[in-house]
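Starting off with a structure, shown below.
Naming follows writing order (A, B, C and D), and every chain is counted from residue 1.
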Amino acid sequence: MKIFSTDHKTIAKQYLSLGLFWAIVGGLLTHLMRWQLAYPDTEVPGWGFIAPDFYNMVVTMHGTIMVFFVAMPILLAAFGNFLIPLMIGAQDMAFPRLNRLSFWVFALASAVLLASFFVPGGAASAGWTGYPPLSAKAEYTGVNWGLNLWLLALALEFVSFLMGGINFLTTTINLRAPGMTFFRLPLIVWMQITAAVLFMLSVGPLIAGAVMLLMDRVVGTTFYLPEGGGQPLLWQHLFWFFGHPEVYVILLPGLGIVLEIMPVFSRKPIFGYRPIIYSTIAAGMLSFIVWAHHQFLSGMDPRLAMPFSITTIVISVPFALIVFAMIATLWRASISFPTPMLFAIGTLSIFIIGGLTGIFNGSAPVDIYIHDTYFVVAHFHYTLFSATFFAGFAGLYYWFPKMFGHMMNEILGKIHFWLTFIFFNAVFIPMHFVGLGGMMRRIANPMQYDFLQPLQPINVFITVAAIFLLLSQIPFVINFLWSLFRGRVAERNPRQANTLEWTALSPPLHDNFERVPVVYRSPYEYSSPESPEDWLPQDQPPAVAQS
Amino acid sequence: MSSWFPENVSTFGGDIDSLFYLILYITGAWFLLTQGLILVFLIKYRRREGQRAAYIPGNSLKQAAWILIPGLIVVFLDLWIDLRGAEVWARIKGHVPPGDLQVQVTAKQFNWEIIYPGPDGRLGTVDDLQMDNELHVPAGKVVRVVLKSKDVIHSFFLPNLRLKQDAVPGREIVAWFEATKPGKYEIPCAELCGFGHSGMNGWLFVHTAEEYQKWVKERWPEK
Amino acid sequence: MSRSESLTMTGIPTGKVGMWWFLASEIPVFGGLIASYVVVRLGSGGWSDASSHLNFSLALANTFVLLTSSLTMVLAFAAVEDRKPKRLQLNLLLTLLLGLTFLMIKGFEYAGEIGHGFTPGAGIFWSFYYGMTGLHALHVLGGIVVNLILLVAALRGTLKPNEHRVELAGLYWHFVDIVWIFLFPLLYLA
Amino acid sequence: MTSDAHRPNYFVVWLWLVGLVFISIGASVFLSKGAAILLIFLVALVKAVLVLLNYMHLKFERPLLYALVIVPLLIVAVLVFALFPDFVFHH
């Protein structure tokens, strides 16, 4: 595996490894937060006391790392880079060198973010949303270079994913194999390019906003400082204009993975291939006009709240259609339950809860009470965690044979699923009630408030469950590392799936396919009347009519 | 059922709670329907030897109806929630009723500076009185709060009054509430505002009419 | 035909699809900045007299410099089509020099304005002025570097298989010119 | 590659661009405030379209590339209109 390779598969594995590294760091930060919330101002085992500003830094970096340095690299860059060329029958991405550059710019962004922990004043502590004026003046948080490096790391990460997005879109538009029309693309490819378009067209204003914030902090401009004629609300608009499409950029590939896995283990076509695509496009377009539901109470003009409340609740419709399509896929199917399918169903089940709690946040009056409380935290963990961890694990278990050439252990996989599923719900269902009780986000010590005292036992329960959730990842780590070298050797198509990546070797050759595949049908022709088998690969020539 | 929420002592709090329960019932129904269907399908259609799955691509309109119709139901329920929500929002945030008492609350890193207009009823006059973190109001009266901030964004949060409104530096935002039950309620800050965000807390004292008059007399004795 | 030139399902060369996607993602960057400028300006007064302190004549000269550099850039691409390496090298050089002239004039303008005390912190107009023209100048610098690489390759004759890159560099350069077409009236005329 | 027949006269386009600059300067000097601003930004739009169609050869490209220009502009327009109530009309 050449370090500076331009092979999309190697680059995918590099993104995956960096994403998993950051997932560990993000997870350990969770441990610090949860311990401080359950047992305020006691020594965290293995760390020590947590001061309030340090707690703010941990909250900020947990959010930043999980969204930008775990979810994006794993779901978009790792799965996208590995799967798109293989699934459309291409030899590599359209711009291999640009692809390599995108990883190394992301590695630089990671280095800058890591460095921001060790500069004087510590890392950024103004929340992963970094609202000015708190983030615009060093003395408000006591963090100077930490926040500057945080902004620089984000800017580099945006540049890296812009390059990646250009690669994904150009490859899918131009490098499809003969016969691979747009409506024969596997759904995960549809989801990846929709996510790439959302990212490309929404990140611009935030890059402008970040330039302005960096200038406020370093050059002395007053974009967001009212005393200099600036507007603090401007950042919130620019940030969330990007922020909401961003959460769909993370969600769509996760849904795409589930949509790939379900038909394979149900031996049944995905239900409503075209309705799902139209829903995805509709959700993508709607995602550009929902952002201000983050700002109902931010001092924004109250008249704006209703249009955004309506678009927010309406955007639940396309996702409801996708969920119904997934459920309809299971109807009259022939379902088997290897680990990828367990995680896929787990993703669907948990995403349903996340989607439903979104309706509460989308309704402006209810948001008056639950905004900036732990109800919101529980909501976005049900949506982001389901897409990143459950769908991410589903994808890892499913494509591990193709990526690394070995099979993963099923028993360890199932243990890992059930532990993660149970403890995930044990952590985040009670969090809804802590939120309804009024507990505000980003507070280091709930005991400072009388009205939060009765909620403290729930906080302790959540912390204990979170520790078990962290520990239940051990079976995965063992399984992942052991199978890399000692797992059963995988053949070309262990899952008997139709999509093109399963026609290549495991792991594929440098140029993926021995000969350029020709595509004859949709990727979901399972249990098709045309074939005695219950699967029909995309590149299998149609059976010549018996004479 | 309202054990999840802190005690509601606000006139418009009931509307917010009832809207919450409306959404809870709708989403609860969807939750049971979808998770139930998944469980049933997983058990009923698990893989059995010799039994093939049905070939239902779901692209034709007739087949797709199975997901489009539930989709339509979601649309109508969404509209119902939106209409109910629009009306409640207009009443709470849409316009501010004429207040019987107006105070100015200036948020700053890490407490609430509350300025009372005094007997002349106008802010910015000599008889104004400033108290930190203590808001004294009469029950059953509309209180208008003029929110300002000296440094960063804070959020004026009264859980028991179901009221939350960010205080943005450089802007004056008016919020209002009418407390129905005397008592002592907390005013935490709900927006990250620096290392003192955790613990930034004020107190709302809702007095009966007599207690309030007594309190006023103690503060402005020369009358 | 280079690799990225040949592979195309839609008839548009891959390089051009990639470049247009890049420009599509750049439009919201400057769009977001200009939108913020317009909105904040309409919300507060006193901006036109602040902008009267700007050095109008230098900015006017810069506008002509950039427009002309767009002309020489597109003539360079025409030279590629007509297979005239000498004309290509001349026009690439002219575009490069005009780009550098633009940055020099911008530098003088900044020095003059800062000399008169109009630093980035002098007010909200100046924040946006330095933010917008600074980000634009960085993009001009990026374009100069790209054109320099192409010029060196053209002089050493190694540009042969990838001559379409001159068109791609041209697309980017014209985009940067269009941004200035909007920045000039926004800052200097309004 | 675009053949000779399809190549616009780049020099004439350049003359138009330079001419339009003088028009917008004239507008800012002679016309009233409102009219001047309207004319200036119309001129800027015309210049941008001139560069797009002629110098960037959009005139000879397929509709996909038109979409790549128009969609981001629509998105920026959405952002501008949504920011109006908060920053332009705020009391």
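Basically, a contact is a pair of C-beta atoms (placed from the backbone, for glycine too) under 8 Å apart; a residue touches a chain by one contact, two chains touch by 3 or more.
These numbers come from a predicted model, not from an experiment.
When C-beta pairs in contact are tallied for each pair of chains, A-B comes out on top. Computed centre separation for the pair chain B/chain D is 45 angstrom, with centres defined by C-alpha atoms.
Taking each chain's centre as the mean of its C-alpha atoms, chain A lies 35 Å from chain C.
The mean-CA centres of chain B and chain C are about 48 angstrom from one another, to the nearest whole unit.
Chain C and chain D have CA centres that are 15 Å apart.
Of all residues in chain B, those touching 2 or more other chains are 171, listed in ascending order. Along chain D, residues 64, 71-72, 75-76, 79, 83, 86-87, 89-90 each make contact with two or more other chains.
Touching of two or more other chains is recorded for residues 173, 201-202, 204-205, 230-231, 233-234, 241, 303 of chain A. Remark: the chains found to touch one another pair up as A-B, A-C, A-D, C-D. Note for the complex: chain B touches chain A at residues 4-6, 15-16, 19-20, 23-24, 26-27, 30-31, 34-35, 37-38, 41-42, 45-48, 51-59, 63-64, 66-68, 70-71, 74-75, 78, 81-82, 85-86, 88-90, 92-94, 109, 151-153, 155, 157, 159-160, 162-171, 173, 185-186, 188-199, 201.
Those residues of chain D lying in contact with chain C across their complex are 1-2, 7, 10-11, 13-14, 17-18, 21, 24-25, 27-28, 36-37, 40-41, 43-44, 47-48, 51-52, 54-57, 61-62, 64-65, 68-69, 71-73, 75-76, 79-80, 83-84, 86-90.
Interface of chain A with chain C (complex): residues 94-95, 98, 162, 165-167, 169-170, 173-176, 200-209, 211-212, 215-216, 219-223, 228-231, 234, 238, 241. Across the complex, chain A is touched by residues 64, 71-72, 75-76, 78-79, 82-83, 85-87, 89-90 of chain D.
Against chain A, in their complex, chain C makes its touches with residues 4, 7-10, 12, 14, 17-18, 21-22, 24-33, 35-36, 39-40, 43-44, 119-121, 123-124, 126-128, 130-131, 134-135.
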